[in-house]
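Before anything else, here's the structure in question.
A, B and C label the chains in the order they appear, each numbered from 1.
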Amino acid sequence: MKTPFFNCVTAVISKDLRAEIRARELVSVMALFALLSLLVFSFALELDKGAREEAVSGVLWVTLVFASLLGFNRSMSQERDQGNLDALLLAPVARTAIFVGKLLGNFIFTLIVGLAMLPLMTMLYGLNLLDGWIILTEAIGIFGLATIGTLLATMTVQTRAREALLPIALLPIALPFLLTAVRATKGILGGAPASEWQGALGMLAAISVIYLVLCLLLYEYIVEE
Amino acid sequence: MPDDSAIIIAEGLSKAYGGLPALRSLNFRVRRGEFVALLGANGSGKSTLLRLLSGLSKPTAGAIRIGGWEMPREAMAVRAQIGLVAHQPLLYENLTARENLEFFGKLYGIGIDERERRIAEALRTAGLSKGAGSLVRAFSRGMKQRLSIARATLHQPDVLLLDEPYSGLDQAAIERLDELLSAATEDGRTIIMSTHQLERIPRPARRALVLARGRIAFDDAIGRRNMSEIYRSSNA
Amino acid sequence: MGGKTKSTTLDLRMETSPQPRLLRILTVFTILGFAGTLVLGFAVAGTDIQQGEIQRIFYIHMPSFFGAFTAFGLTVVGGIIYLARKSETWDRIALAGVEVGLAFSLINLLTGSIWARPIWNTWWTWDPRLTSAAIMCLTYAAYLMLRAGIDDPGKRRAFMSVYGILAFVTVLITLFIIRIVPETIHPVIVGASPQNAQGGFEATSGVVIALLPSLLLWLTLMPITIMWHRVRLEARIEALNLLKLQALSE
């Protein structure tokens, strides 16, 4: 009776990818925001060579977090505006499958923006960010962000204030990601020995897993009425 | 009404929102293949009842059985047998008509060959074969409503629930919708359709259920006794 | 209509019932206990040789954090049980936990700030532990804001149960931050202090005599008693709102 989990996940992802290729409502907005943010930071902080090494990983992650907020909001609003969340819930599919599908879509879109930022920042700030470890840190950090972002956006689009509440709900809870991701990125950028930043990277992965498990357990309670 | 032919059984069905009752202890049965018009003023509980029957929300008290399955405990089994046309079209604006149907077909686990066949047929029945490749964004209200019915019937549900499907449609669109509903009845589907306009009860409907303040005020064949009077007085 | 109205009046009468005996006893014990720990902290424990009188604030500073820990922990318990049973009482307990925990963590921040002025020579510094404690407070402030933004009571209870569970991660991070970011200057009294810690002192027998009772009081009686009162208050508020709504919908 029940549609297999994996089929539902791929259906949701391919639906989101197709809609995004059509309308480009997510990636383009996030990318434009990221670009503006990078420029604003470089003017505001007057990043010189010394300050850069310290500040660049912070700039990268703050920009990513705010850009991802835009994306998560938009992605869940698309489900909410025409009542589509109801349509998903009407189908004989596991609620966690819907969550995983939306999560992976959000992950892919945000990762695209995150990856595009690396060469751009390399050019703008004269520091080489094109490093395998940085890409890995980005992937793990963005996955963690997308996990709680997808859950919380599902919640906040159902509230009166809609989009306005997501930053307030997400930022404090996302802080553990920000803390560890900035730390790992900073260590990698500064050329510190791996032993100094691999702990932070491991912590980042561990927190992502903890949140993923929590979200998988809790998702059905925020979509069931 | 013999028990074995009842596809929907509601017993003591109640729903409250934050302590405020929306439905108060409803008891009714719907036979397989019946077309029931659900009448009532705005706020009488029509939408709430349809959401409960579709499994989108859970009753505060009472029981629903659909096709022998108990809701909401066995909701997963019931979902495949139910189609819902809600207030909103429940379609993705940035996808084409065909892509929308493909997506929902996948969600209902319809195999690819069968899916292609049913989608082609559904688009033809809905009169959307030409518009299949256009974005839903560009559709008129009537086209969206027809596509919405195609979406709700793609998995060939036993029960079709419609919430005010006529609202916002012009005369031509209403006539097309009537044809679609007649076709669905001929296919043997059980249909419950809500409306707040007495004059908009479609021809195949034989039975009316009038809700007033969350209770059943009338439940009988259409035109019997003093249905219109009960409906009007319940509106007052 | 009649049956429903009758049952709500009944509810309201139940919510306005006099305080249970146990709650009265707890209230008395909490007040006496708090007075007792103040006496221990101000009079019985000796003055710290290095820091002087200001060190006494520690007998409230650290226990208040653990009081918040209990309260936020009860929010998690309340959330889990609410999601499993949909019983409104547990949602009220979760809400009470957030409010009481938030008040306690503000006491924690405030006392810490007063202590830091003479010892660290500043009211506030962006030390990892201070930062994470501040973030913890903001998370629960966000809880209250989010809660106020959801109209449908069923959704509100379910969403906030979920958020209350997630928010506890920030409490754990505040507890364990020195393991993640070792260069904190915040002293650790029990166990090894980090290398950079400034303003630590030794847990002498005098310190233990004043600290232990205070810690026990803040961990158990303080949050539980205050939360119980808050849960009863919330039940009355909800009953009142329901009556208002019913009066309007008549």
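In this text, a contact is a pair of C-beta atoms (placed from the backbone, for glycine too) under 8 Å apart; a residue touches a chain by one contact, two chains touch by 3 or more.
Bear in mind that the values here come from a model prediction, so they are computed numbers and not experimental data.
Taken as a contact graph, with one node per protein chain and an edge wherever two chains touch, the assembly is complete, since every chain touches every other chain. Across B-C and A-C, it is A-C that has more C-beta pairs touching. With centres defined as mean CA coordinates, subunit B is found 38 Å away from subunit A. Taking each chain's centre as the average of its CA atoms, subunit B and subunit C sit 49 Å apart. Between the Cα centres of subunit A and subunit C there is a gap of 31 Å. The multi-chain contact residues of subunit C, meaning those touching 2 or more other chains, are 154. Residue positions 224-225 of subunit A are each in touch with at least two other chains. Chain contact summary for the complex, subunit A toward subunit C: residues 148, 151-152, 155-156, 158-161, 165, 168-169, 172-173, 175-176, 179-180, 183, 200, 203, 207, 210-211, 214, 218, 221-222, 224-225. Residues 83, 128, 132, 135-136, 138-139, 142, 145-146, 149-151, 154-155, 158-159, 161-163, 165-167, 169-170, 173, 180-181 of subunit C are the ones touching subunit A in the complex. Across the complex, subunit B is touched by residues 4, 8, 152-154, 238, 242, 245-246, 249 of subunit C.
Remark: subunit B residues 17-21, 24 touch subunit C in the complex.
Contact residues on subunit B toward subunit A in their complex (touch as defined above): 51, 54-58, 76-77, 79-80, 82, 84, 86-95, 99, 103-104, 106-109, 135, 151.
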